[in-house]
Amino acid sequence: MYHHIKKLMYTVNVGTPDVKFGRLLLEQFGGANGELAAAMQYTVQGWNCVDDLARRDLLLDIGTEELSHLEVVGALIRMHLAPLKTDREAAYADPLLSIAGGGGVALVDSANNAWTANYLSVTGDIDVDLRSNIAAESRAKIVYERLIDHTDDPGSIDTLQFLMTREITHLKAFTAALESLEKSPFSIGFLKPTPGIVDEFLNTSRGDGSEGDTDMRGPWQTSFGLHPIDANGGTGDGLSVGDINGKIKGEERGKQDSGQKATTSVGKSARQYQDAENEKSGPVDRILEAVRG
Amino acid sequence: MYHHIKKLMYTVNVGTPDVKFGRLLLEQFGGANGELAAAMQYTVQGWNCVDDLARRDLLLDIGTEELSHLEVVGALIRMHLAPLKTDREAAYADPLLSIAGGGGVALVDSANNAWTANYLSVTGDIDVDLRSNIAAESRAKIVYERLIDHTDDPGSIDTLQFLMTREITHLKAFTAALESLEKSPFSIGFLKPTPGIVDEFLNTSRGDGSEGDTDMRGPWQTSFGLHPIDANGGTGDGLSVGDINGKIKGEERGKQDSGQKATTSVGKSARQYQDAENEKSGPVDRILEAVRG
Amino acid sequence: MYHHIKKLMYTVNVGTPDVKFGRLLLEQFGGANGELAAAMQYTVQGWNCVDDLARRDLLLDIGTEELSHLEVVGALIRMHLAPLKTDREAAYADPLLSIAGGGGVALVDSANNAWTANYLSVTGDIDVDLRSNIAAESRAKIVYERLIDHTDDPGSIDTLQFLMTREITHLKAFTAALESLEKSPFSIGFLKPTPGIVDEFLNTSRGDGSEGDTDMRGPWQTSFGLHPIDANGGTGDGLSVGDINGKIKGEERGKQDSGQKATTSVGKSARQYQDAENEKSGPVDRILEAVRG
Amino acid sequence: MYHHIKKLMYTVNVGTPDVKFGRLLLEQFGGANGELAAAMQYTVQGWNCVDDLARRDLLLDIGTEELSHLEVVGALIRMHLAPLKTDREAAYADPLLSIAGGGGVALVDSANNAWTANYLSVTGDIDVDLRSNIAAESRAKIVYERLIDHTDDPGSIDTLQFLMTREITHLKAFTAALESLEKSPFSIGFLKPTPGIVDEFLNTSRGDGSEGDTDMRGPWQTSFGLHPIDANGGTGDGLSVGDINGKIKGEERGKQDSGQKATTSVGKSARQYQDAENEKSGPVDRILEAVRG
Amino acid sequence: MYHHIKKLMYTVNVGTPDVKFGRLLLEQFGGANGELAAAMQYTVQGWNCVDDLARRDLLLDIGTEELSHLEVVGALIRMHLAPLKTDREAAYADPLLSIAGGGGVALVDSANNAWTANYLSVTGDIDVDLRSNIAAESRAKIVYERLIDHTDDPGSIDTLQFLMTREITHLKAFTAALESLEKSPFSIGFLKPTPGIVDEFLNTSRGDGSEGDTDMRGPWQTSFGLHPIDANGGTGDGLSVGDINGKIKGEERGKQDSGQKATTSVGKSARQYQDAENEKSGPVDRILEAVRG
Amino acid sequence: MYHHIKKLMYTVNVGTPDVKFGRLLLEQFGGANGELAAAMQYTVQGWNCVDDLARRDLLLDIGTEELSHLEVVGALIRMHLAPLKTDREAAYADPLLSIAGGGGVALVDSANNAWTANYLSVTGDIDVDLRSNIAAESRAKIVYERLIDHTDDPGSIDTLQFLMTREITHLKAFTAALESLEKSPFSIGFLKPTPGIVDEFLNTSRGDGSEGDTDMRGPWQTSFGLHPIDANGGTGDGLSVGDINGKIKGEERGKQDSGQKATTSVGKSARQYQDAENEKSGPVDRILEAVRG
């Protein structure tokens, strides 16, 4: 259940309204990496995360805070867009918001594209979702930084610095939540990758480029067991792909419940219920049996 | 420049076509986490990455391989959807592909939503983009695993196991590329978060829930300097937000050129050119001056 | 600022999960007339409604409640979709949620179209926005009723009956908020329609139809001063449109502040500030001067 | 069947073309509240409205007129955008229309978002659809008013005043069509809201806000039987939700056929056919039986 | 100006309603190649085509007829979808139309994707637009054929055969309109392609494929002056691209006015006005001067 | 399988970066008629075209070349957009790319709409697909011409002239591929249009227009057997539609294999397999039997 307190999470002050800057700010209101995207991604992930109630709480804590951020950045934008309501020339800074929206904010990005749930990454796998959130927080941080770079208004900078700071807070929290699962960073889900093929780094972009670039080498070709393989442009050979024989069982399980209190057993029983279900459902049953060896 | 070799990167075999499973597979052809999304995300990131030609090469290597994967998964889908062309009942498994597409593949997901570039994350900051790619590979891995869980056809499993394996290869490579930048995981861009506020974990989802969940504690509230703060539902207080005074300079720089050969100087000169530009442009100049101390 | 209490606004109970019904329910989670659409429409309208702080409060009261409804309907859907996680056949009831979403809810409608802010109507004119909300509540009511018609599960019916009931509550509140403005239902904004032309009901669909329909007459042709005009198919004549001579001033003003407490003066001064601004801005100034006579 | 007469419904004159204003005008050509949206919403509603042939005629009368309006506003826009074809600088007022469209109109809004059927509200319930139309006409009216506010060109003002006037005509007609159903404004569909709960206005946005707003009271909390309930932020209690026991029968029926001629019996027999069908279909049958008492 | 006659352009009869087939039919109502797409593409092209009033008339003739087709196919779909209103099981054939739409038609395709103006091709160049229309009619024809292939209902077949037939009528008309321009099929616009390079067919997909395909030869490599060039996969060489030196003037002009009556001079003066404008606008002026030699 | 060579297909040089022009150029990167749309349309068509391996090769040859064009136009855009990275004022030329994208290219059009697969036409009928491609190349050609018209930079013009030239190359190749099928331009698919009705050109837009247009006559009313029919606005009569009696068999077959080598028999056997399948599937069988007489 949600409650709204009229007080903003951060007090917003604006010197001179700057309608062009207000339009830039829309990126964090209704944009791909903005506050609604963050709020919805974490909240829906949280609602789905019924096997790990501790991390569910984490997701709802941060998801709810992002709603408060949406309100803060919305207030900042309204102040900058205020001249749209009374100054005909200013309206050309954002025709859509001026004519259709009466000069207020709307759930659009800086190019006035309507917000879409296509921006969200929700897989229902907590391990994967946390990675999506780490990436999302990184993107939001760099976008706030660029916005700060585009204004000299001290009040706007303060608000944006606050919001940017919180993205790092969340980045830390999501990283801690991922690390406390104690899984290898390359272990995802239940099925293992095929040995051999998993370690072949395929060099498929070759030759010398127009901007001084050439065929490079880097640690990404030799770390974590990787080694480079040259794709032969003339024949298309290069990957030793003949030796796959079905799926491979045995990925390590993460400590999904590391932060749980009384809910550990719930998580376990949920999994047991799932296993019991599988026994009835035939093929899935056999697959899971296989992956556990 | 691109070249196409008619040979598939992995030979695709299908036992009995299964149109319903073919429809599921579309998720990896034209879906949010599918092969076109991967190919386009890495390739466009690579084209934009002119300051770090080594990681640019990495992005184009993997981006190009994903195009080959798109071709492989497309071939697999076509075999499964073949009955759409001749069996009227089968057509109802995917009306859109049957009637509008003549039974072939299309750039849609498993719900027949048209592919959109809204699926892509391209920020132009290599540090951030690599995080987006790590998350994207994780998502693609779990989707392939689920697809394997939904078929018993050995040929389909082999192809999907191959494609799933390569996602882990890329996950390793992107992780190596990120780590070799030698930045703190919580240092993004040039501007620092505000001390104090950055370490406050706000507990804004509270009370006891309907599914046995309660107000949890976890390492995400106490790691990396974090400590929990309780949001007071009645007043909205809880965050010590009064003390922000402008932006803060001095994030560490990453070794963006760690894997570069002769191109290091190009990267540097690009930065110097940028600095020179900034001197002329006023406010940006002053900001960058500030962030360097 | 937002707070989340883990307790659901209405306790959700489901007998036997019904994945097909779960998919229908998505219409109220991520659909055009669903709870997110309601929450966002009223909340964004509220944030923009700075000239009428009383109705702003109304919009935020209801907007926040709709967020709680989103959580309730999401919980109901998750229970119905639970078999997607363990039963391979069930997955075909919703391939997208099964494969990409792991069997959880997502911000999509019953056809798995991603939620888009195109569903929202936010004009920044409180008079108009209230009408949009009355229509939105009516649509949501009929959709809940249809959902109730499609299940026999008592727990699901109870939850849906609760949510449906609240739409009527909101319908009443928005109607009261509109009526208390004490404007004519045909007076919108500042500019008047052109007399004469405004009362001509144009009969442009004529003749006898294939389904027994013929050229009908109804109160909509004779009420509120209207009278019917026959469009002449052969010539296209029919509307007396030659006599428009510019815009017409003088729409009545509504009591936008009828429910306000101490904020009445704020609303007024906001308007005065706007007027002052207009005096400087030239053409808008002259227009507003004209509309006031 | 449709016929086109080359004569415009209103003669369009433009003084000096104003490409920026032309772009604003696109809002009423391909925008969310524009003429195509109106034409399609009413026309598709009309085609679906086979149980009330009189109101079907109304919907097609107005839907067809909106097509003629689309043509008129399109002509106005083309005149304003004419310089896009010959003046390179003018092209920057709308790059998409200049480069991709050759300087003509396109079905996009003022931000060049492609028109989408997501803008439409079509529920197939005449009672509800009329409310959607009343809201749609109100929005279109205010948008035309704002466009008039953004130009000094007398010819453009005349055309826009004509189009704005017709929205009020339609607002009157849709209101008459709704009122002549003689239903309570709070009676929608067949199922009744739960007594008690329906009258609780939940005060969920509380406290003092940053813009001088406080916790307000208004007629929307006390009209039509409503009374305010305070949501308790600390516990989430506040709604008396324990007493719902299934759905409730007995909403009043509207006079859907009030304007019909010979078609009354058709409407009735359509309903009888539906009832007969229900008898065969089990649960729906029982539900309808219940709602009639 | 538009007029609507209630009589359908073709009388629609349906034997037994088939909800699954009704869903397929949506492809031609709100799909990418459906009747609304055709109506809007030709109509908007026609409104923009002010330099060739004869072909403008053609575009509006066919655009208007497609509106009548939209009505016909809508009537056919409604009859097939009728059971959605009364049969709970039937609703699962199209959850969106059942729950949100009440069982009527909506502007969506067979996968329930909302219609979007992204389906339209409108360039404002009559020569190009006619080609887009020829392609659009071909697509619509094959879609109708496939729909006929998916039903045995004689009434449905008759209606679809009528609609399919008309697409060929329009195909003929658009072809005649294109040919009567008397331009070379490879002459588009004002600027010529660069000689030499224009005739090099680049063989960039090479080798032997997995489905028995090999590196083929066909008339498309040797017709109209073309000759094949092998892309060298190892080096990327293959196109003689070093010799471009700016743009080349002199494409032939088409007889855009071949079907015009009194309007020829209007077309000419429009062009003269454009030329006069160009003289003032500098660079465009010089370009047009160049292309005329 | 795909390979990438770092060398661009055409060397790109830019004099002074022009951010506004860079934005226009996006139309050919991520726009409806741009290089990604071309690459994906031809490539997906090619992958689906398993019955005509020769034309499949053609589609993949050109599809792959368009990928190389995407890279070229992307490089051109990046050079023009470079100032977005360092000049705060320049950022307003494209807020989305500046703030969200860091000043690089993105898969959006000149109005910053995200690329969508809705731009593609893929029917799986080679005859029809080639027509779509001819139209697509024509549109791309005129868009490149307009871009050339909007710059004076010699390097940009050279690159655009190269890309524009290649569209004509492809236009020739697709035309040759279509003509070598040796079908009538009005024969599509298997089913014939109904004689009589197919030749009636319906004159449904009549009267005198506001821009000097009147009811025109042109060769499109009298060529290929067509003759004009006047729609009677008052009654809606005009088409002799009473005489359709089911579908009509017997469209001519094209030489789909005219350019094939050893694969002719594969194509034939594919068809034979389809026929064999049809024999089992009942109604489709009977239909195909009918169309062959």
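Some observations on this one:
Note that the chains take the letters A, B, C, D, E and F in the order they are written out, and that residue 1 is the start of every chain.
Methods note: a contact is a pair of C-beta atoms (placed from the backbone, for glycine too) under 8 Å apart; a residue touches a chain by one contact, two chains touch by 3 or more.
Bear in mind the structure is a predicted one, so any value in this text is a computation, not a measurement.
The chain with its Cα centroid farthest from the Cα centroid of subunit D is B.
For chain pairs A-F and B-F, the one joined by more C-beta pairs in contact is B-F.
Chain centres here are Cα means. That of subunit A falls 35 Å from that of subunit D.
Subunit E and subunit F have centres, each the mean of its CA atoms, that are 8 Å apart.
If you average the Cα atoms of subunit A and of subunit C, the two centres end up 31 Å apart. Rounded to a whole number, the gap between the C-alpha centres of subunit A and subunit E is 39 angstrom. Contact of a single residue of subunit F with at least two other chains is seen at positions 1-9, 11, 32-33, 50, 57, 60-61, 63-65, 68, 75, 88, 100, 102, 108, 111, 113-114, 116, 118, 123, 125, 142-143, 149, 204-205, 207, 209, 211, 213-215, 233, 235-236, 283-284.
Of all residues in subunit F, only 1-8, 11-12, 75, 88, 91-92, 94-96, 98-100, 102, 108, 111-114 touch subunit A in the complex they form.
Across the interface of their complex, subunit B is touched by residues 1-9, 30, 36, 40, 44, 47-48, 50, 57, 60-61, 63-65, 67-68, 71, 74-75, 78, 83, 85-89, 100-108, 114-118, 120, 122-125, 274, 277-278, 281-284 of subunit F. The touching residues of subunit F, when paired with subunit E in their complex, are 3, 5, 7, 9-11, 32-33, 46, 50, 53-58, 60-61, 63-65, 68, 116, 118-119, 121, 123, 125, 127-128, 131-132, 134-136, 138-139, 141-143, 145, 148-149, 152, 154, 157-158, 161-162, 164-169, 171-177, 179-180, 185-186, 188-191, 193-194, 197-205, 209, 211-221, 223-226, 233, 235-236, 239, 241, 244-248, 258-263, 266, 283-284, 287.
Those residues of subunit D whose C-beta lies close enough to touch subunit A in the complex are 20, 23-24, 27, 31-33, 109-111, 113, 142-143, 146-147, 149-150, 204-211, 213-215, 231, 233, 236.
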